[in-house]
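Heads up, there are several structures right after this.
Below are two complexes that have subunit A in common, paired first with subunit B and then with subunit C.
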Partner chain A sequence: MTMLPERAPGAKKLGLVIDLDTCVGCHACAVNCKEWNTGGEAAILPDYDKYGPQPDGVWFNRIHSYETEEGGCSRTVNLPRSCLHCEDALCVTVCPTGASYKRLEDGIVLVDTDKCIGCQLCAWACPYGARELDEKAGVMRKCTLCIDRIYDENLPAAEREPACVATCPSRARHFGDLADPQSEVSKLVKERGGVDLLSDLGYRPTNKYLPPRRATIPSAPAEAPSHDGKGLGAALLKLLDKALSR
Partner chain B sequence: MRPAASILLLTTATGFGFGLLAWLGAYAALGLLPPEAPALLIAGIALALILASVGLLASVFHLERKERAWRAFTQWRSSWLSREGVAAVLIYPLAIALGVAFLRDAQSLWTRLLGAATLVGSLGTVYCTAMIYASLKPVRQWHNAHTAPDYLLYALFSGAVLFAALRTAALGAAGPMASVAALMAALACFAKCAYWRHIDRQGPLATLASAIGLPKGTAKALDAPHFSENYILRQMGFVIARRHAARLRRLALGVGFALPLVLEVLAGLPVVPLTSTLLALGCAAVGLLIERWLFFGEATHVAALYYGRPV
Partner chain C sequence: MARTTCYMCACRCGIKVHLQDGKLRYIEGNREHPINRGVLCAKGSAGIMTAVSPARLSTPLRRIGPRGSGSFEAISWDEAMSIATDRLAAIRASDPNRLAFYTGRDQSQSLTGHFARMFGTINFAAHGGFCSVNMAAAGLYSVGGAFWEFGEPDWEHAKLFLLFGVAEDHDSNPIKLGLGRLKARGAKIISINPVRTGYSAIADEFLAITPGTDGLLVLALIHCLLEAGRIDTEFLIRYTNAHHLVIDAPGAPDHGLIARDAAGRELCFDRASHALVPAQSLGTDPALSGSFMLPDGRYARPAFALLAERYGDAQYAPETIAERCGIDAPTIRRIAAEIAEVAFNQPVVLAQPWTDTAGRHHPTMTGRPVAMHAMRGVSAHSNGFHTCRSIHVLQMLLGALDTPGSWRYKSPYPKPIPCGSPPGRAHIPGGPLDAPPLGCPRGPEDLLVDEAGEALRLDRAFSWDAPLAIHGLMHMAIARAYEAGPQKIDTLFLFMANMAWNSAMNPGETTRMLTECDEEGNYRIPFVIVADAFASETVAYADLVLPDTTYLERHDCISLLDRPIGSAHGPADAIRVPVLKPDRDVRPFQDVLIELAGRLGLADFADDRGRPLYSSYADYMVRHERRHGVGPLAGFRGADGLALGKGAPNPGQLERYIENGGFWKYELPEEQLYFKHANRAYLTGARAMGLIDDDAQIVLQLYVETLQRFRLAAEGHARPRPPERLRERISRYFDPLPIWYVPLEEAMTDRARFPLHAITQRPMAMYHSWGSHNAWLRQILSENRLYVHQDLAAELGVADEDWVWVRSRSGSLRCQIRTMRGVNRDTVWTWNAIGKRAGAWALKHDAPEFHRGFLLNHVISEFLPKQGDDAPHSNSDPITGQAAWFDLTVSVEPCAPESPAETSPRWGANPLRIRTTPEDAR
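Let's turn to the complex of A and B:
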């Protein structure tokens, strides 16, 4: 059923908190995600043209790098991008078949690949670009929050977390119940001022991002060429510059 | 957004089909169809249903798992795509019932009621199609107040042009339909210009800085996650050069709306009515395909922001 479930206030809301301050952009989370999900309970995550000139494939998690500037300080910010398990998930309500759904018990957004017809409307409805078509099986695929890990009682309790969280070498990824104000993730969000991506669009994502801590060392101002030189020295320098820039 | 041939064919062919059905329904409801020429209504209904079927079949070819297409009828409570499917299927028995009622008694209450129901049903289906796009918040060129009325207008325009040609073929003259089609061409042209003006003046839906959760600062893309195009970029990163878009816009206005307008006026005078209405029909079909290509080609998706592409 693709109506969003009517979830009681305070109902369990599993999700990720990603620290943009400590993420080093190593792509380990993306690689471990691919590794776990291609060998997991569901079908493989396909690759196309693996060793060709245009390698491509389905990934649930993709790491971007940006150059940002705020208050005269510039820095590199790495942004892991995956499904945010939104409260107002338009990808669920647009689905014509009921394949796309949000779980009542923990808010995880999933695709039932046995029902999906591959119309791809859900991918259009997601502003985060989190859904990718499995072009081999003809169905939509997305992050499952490693639902086949987090509830697996055969795993030691400490390992019942998503593959991306388990592997992160800089501990930039955290997993937990964001509806519980006492959970570690909720405390992190409160302390560090966690934010929603594209909050203006009103999807109310569950996953939160912790903004980079304020940089205190101002970047050196970009060098500007000087044109105010006069006299013999300046003329010589100009000549030298001309000769060297040939 | 990538303009897929199957979706272009779906929206234009169903526009012609349901547009024609809407006019036939309106004529029947008002008792304006000449009872001495039942072939006009019967041929009209048949043609409309064939066009709608072509469009709907094209849409099935857009699906990756065609054998599961029946599932798309189940989620009409939340999904406009599902509602479109349900509405489109309900139209068939309605249109056939209208034909039967007309053959029995062209002026009966049943004919008029079924005519009105066909009119509402066909426009309702077109509305559902439009709302599939209008409900997508990440695409500013679609999620606005223009999309739904525009789709209705283009369907009524294409249906009018088709009905005028059909009426001329059956009765030798387009009658009032030539003026109606000319008027619809003018209205559709006006609506398209207003839509382009709107999307040209719209600001971007979001900035890259707000997309990465740092709305106070500025950001630019440094490294993408991958070097080759992926599914997201192929579907949602489609960019058309402004130069090409401007040329296609002129072509859509000229061929799609201006030429049919002139030809329908000629047909109404009447100057070579059959040739004029048929030419108008051809021009409208080509023009609307270009217009629809632009509707997709010019649309940008917020997700492309993450790759530093313009939205």
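Let's turn to the complex of A and C:
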């Protein structure tokens, strides 16, 4: 059992806002994440059976596509899934060794792999499936919000964001401080009605999802056929009658 | 860190490649790059794993077993180059056309095409014939630009975006960035696509159209707009040939051509002066309807009048076509009303003055913010040329073409119509062709046919089989080489094209043709050279393998002479630079080709005394001049590196590109950003930069007179004439106004037996067959299913993961299904290029790509059914020769319970087995 820290007043809540209205399900975030983290300092994401019958590996981020019904029509929704850095992170409280922890200063949930025994209790506790076992190292792996990018002062300020956000081709991913109501991400959540995934479970995820929406064009009601389809219609004849100037 | 250009697909995004201890650490998008502005897709992000793929070839190979067996011996580059040089020199000394040189997803066509021209062969093409030539040809002949390569939507201003068909496979990051922009602004996206995945998933409205009927839908939209009088007549008379008078004299040799005066100027009827005047005259009031007497007493009618009469007819009414398209009539009428609402009631007005080619000053730039994009889904049908033409005609009628908010040209387009020279035909003995082997015919006189009207080219491009085959017909090259036998072709030279597998319309037949021998035991296709970086299925069918590097190990140039990275904001080009040193005995193919050209003493590659002119591709990129001052790279030219487009070669040019992030771009001034076809400042500037040769207005072709010229020849009024068997076909399809017809294969197939349409699309994380040897991308997708509408599945009595037989007129395959709702009820589909042949791509023998993956190609044929005594036509668009692989119709039935749980057909494995001879034993 590991305790969650008491959230200090004014502490940041860093997280992602993912726009399901814009996500095309291209997997760029997942692969760029894997690329950054595999060679990075925070974690190595192993691959198993790279060229064989069961290609698999550890990913911090996986993409699912669902079909839903909406007004009698189907709708396809692409859902990128990664750690939501919950405020009430059960993955932390179930950890028997204290390896899983939530940072006081920014709310990022991390794994201290020196303490992790790979018991997978955290993966069992997480309803979002955000934790994966590194079978090679015997420890749990999970999204770090690219902690080795976002605080790296060697990077230009604009690049201090998670790899998945920087690479997203449709700009469906946003990163920022959700504790600050004036931050761009907080404003987006407010304007677009951002939601928690599985909110009834009560883990209070930091990451928010913006629901799909539907743009419409109000236009004159569809016009009924104005003539019998032979020759030019009255409306066109009237238009062609107008003087033109080349 | 090095900045170079990605090549994990055709996008050409800028990348920053980080190395750590000499090894690849991280590849990210270059934020300064005009194509991707910092973003990078799954493919690009997985480049690290392609660079270490076990499928990389490692040494030149010579075949020692039977062709297709995979048995090779490793040879040295000296030996490989000698074999290739001797073979090609002998061909060139007899008949250069006996070399057929076909390149795949080649981004160096300005080099490979020039090699072919200097070699003197007409038999050159890249993969456009099975990719997008319908879009390119329809666009170039209609508007002097085209969707994708030569145009893009105005993402910043469009309010309504119509996306026709599968588009995920090209321009991927720019389109994703653009869709994000549209979404952020609340613009409406309508997806017209049989399948709701990818981009269609985020569309605000999805129309599950029946495959091959997009053209009919567009013509119905035109019908509604004509009916409502909602078209931009001002745009039509200023920028198109809508008012040009078309001679109305059926049976006459010039029927259907534009009436011209003695000086050859097109005529229109001026309602102000009641006289025939040159159509480009100013201050006139041109008639768009009526019939007018010409000086010779015959009559002529404005092109628009012909158009209005045709599409005004009830046969194009939504109520008539709704059932065939699978979209109900009220929806079609509503969408036409929405288009009209946005185009005419919500114009975008930019406070930007500009001056047109007639000298008229315009205080603002006013646009119709309806943008359109189409790609594969329209292109890969045998009616795709006319469908794409229909879309361009819709754009013209709305005045939504290169205006704020509409589709726009990408520099260096627009170009005069038809652009470029006609295809090269003749060569002086030992010398080059008179023009590049691919070009744009202006009429029957430019076809490459013999006196009997039969094709001169191997693939029959530019013949009466496919007159406007401006990208060639690579998909027919092997079948035609096999048919013709060794008299026609000696060597088939393939570069990065997987023609024995997913790029063949029929892999089974293709590999049979590659391996069949004549009575004397000689292969019918005598010699095959394959240049590729990876052990694709095709490598096993080579006699000589020239191993290429990966994209991170070589120079390249994304040239304005080929398909550059320009945008609506201005011309741009880019380079690749070697980031890694090859750790195997491979060489960049472009270096190899330049050395080969030097050894052969080809003009432009060797001097008068036969000495090679260039040491490498990098050297060629800097010093080669195609015309005076125009070379492969347009940026940083001239001694001072300041010349734009045209200028003397600059020895420091590559350094300047590297300093600039691996690319060059020129930002057009604001006054040149729209109406480029008639924008005086733009056209003058483009000419000065060498982008175009003529700065006259480019008149948009609502009515394509060139098509009528071919039709007149078929009717006996012009020479050369098509052979008798093709006359009716030419006459029918070469209509100067868009037509719609049932796709050819579908029309010849018993639809009661094969009631379903079958199509493929490319997963966004894969590019052709290149994804499957990438350890990360194959974790995303290593097997594919056939997707079936839930209602259809219920009717067939099948459920998720059940095994089914898919049958077509030409074959059967076995696969598993998955059900979904977001698909046209009568269409089944799958991901393409996931299925692999066992042994290829260095995958292990039990990889799911072999036994759970499949290609729809196995039930497609490159030929249409035989009719009568004539040889069967190719399964292609009759105008452009575009491979019509979306025309497929099939049946689906459950497999018997005892059926094996693996995909079929399965062929024996043929992994590469390479004999190496120790150095000292040689």
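As a working rule, the second predicted complex is superposed on the first by the 208 of 246 C-alpha atoms of A that agree within 3 Å, B and C clash if a C-alpha of one lies under 4 Å from a C-alpha of the other, contacts with A are read in each partner's own complex, and residues count from 1 in each chain.
In this section, contacts are C-beta pairs under 8 Å (C-beta built on N, C-alpha and C of every residue); 3 or more make two chains touch, one makes a residue touch a chain.
What you see is a predicted model, and the numbers here were worked out from it, not measured in a lab.
Student: Determine, under the contact definition given at the top, whether A:L240 touches first (subunit B), second (subunit C), both, or neither.
Tutor: In the superposition, A:L240 contacts subunit C only.
Student: Check whether A:T76 is in contact with subunit B, with subunit C, with both or with neither, and answer first, second, both or neither.
Tutor: Both partners, subunit B and subunit C.
Student: Between subunit B (first) and subunit C (second), which does A:P96 come into contact with in this model arrangement: first, second, both, or neither?
Tutor: After superposition on chain A, A:P96 lies in contact with subunit B alone.
Student: Could you tell me if A:L197 is touching subunit B, subunit C, both of them or neither one (first, second, both, neither)?
Tutor: A:L197 contacts subunit B only, not subunit C.
Student: Just subunit B (first), just subunit C (second), both, or neither: which does A:I217 touch?
Tutor: In the superposition, A:I217 touches subunit C alone.
Student: Taking the superposition as given, does A:E132 touch the first partner, subunit B, the second, subunit C, both, or neither?
Tutor: After superposing on A, A:E132 lies in contact with subunit B but is clear of subunit C.
Student: May I ask you to decide whether A:A8 touches subunit B, subunit C, both, or neither, giving the answer as first, second, both or neither?
Tutor: In the superposition, A:A8 contacts neither subunit B nor subunit C.
Student: Output check: A:S65 vs subunit B and subunit C. Expected answer is one of first, second, both, neither. What do you get?
Tutor: In the superposed model, A:S65 contacts both subunit B and subunit C.
Student: If you stack the two complexes on chain A, which partner ends up touching A:A157: first (subunit B), second (subunit C), both, or neither?
Tutor: neither
Student: Is there a shared patch on subunit A that both subunit B and subunit C touch, and which residues make it up?
Tutor: Common interface on subunit A, subunit B vs subunit C: 25, 27, 30, 53-57, 59, 65, 67, 69, 76-77, 212.
Student: Which positions of subunit A touch subunit B when the two form their complex?
Tutor: Residue list for subunit A touching subunit B: 1-4, 20, 25, 27, 30, 53-59, 62-71, 76-77, 79, 81, 90, 92-99, 115-121, 123-129, 132-133, 135, 138-139, 195-203, 209, 211-212.
Student: How about subunit A: which of its residues touch subunit C in the complex?
Tutor: 19, 21-28, 30-32, 34-36, 39-40, 47, 50-57, 59, 65, 67, 69, 73-78, 158-159, 163, 166-172, 212, 214-223, 225-233, 235-240, 242-246
Student: Note which residues of subunit B are touching subunit A in the complex, please.
Tutor: Those in contact with subunit A are residues 1, 62-66, 68-69, 71-75, 77-82, 85, 132, 135-139, 205-206, 208-214, 216-226, 228-232, 235-236, 301-304, 306-307.
Student: Over in the complex, which subunit C residues touch subunit A? Could you list them?
Tutor: Its residues touching subunit A are 20, 24-29, 31, 36, 38-46, 48, 54, 159-160, 168, 172-173, 176-177, 179-180, 183-184, 186-189, 196-202, 204-206, 224, 226-231, 233-234, 237-238, 243, 271-272, 281-286, 288-289, 308-309, 312-315, 317, 319, 330, 333-334, 336-338, 340-342, 764-765, 773, 775-780, 782, 820-822, 842-844, 846-848.
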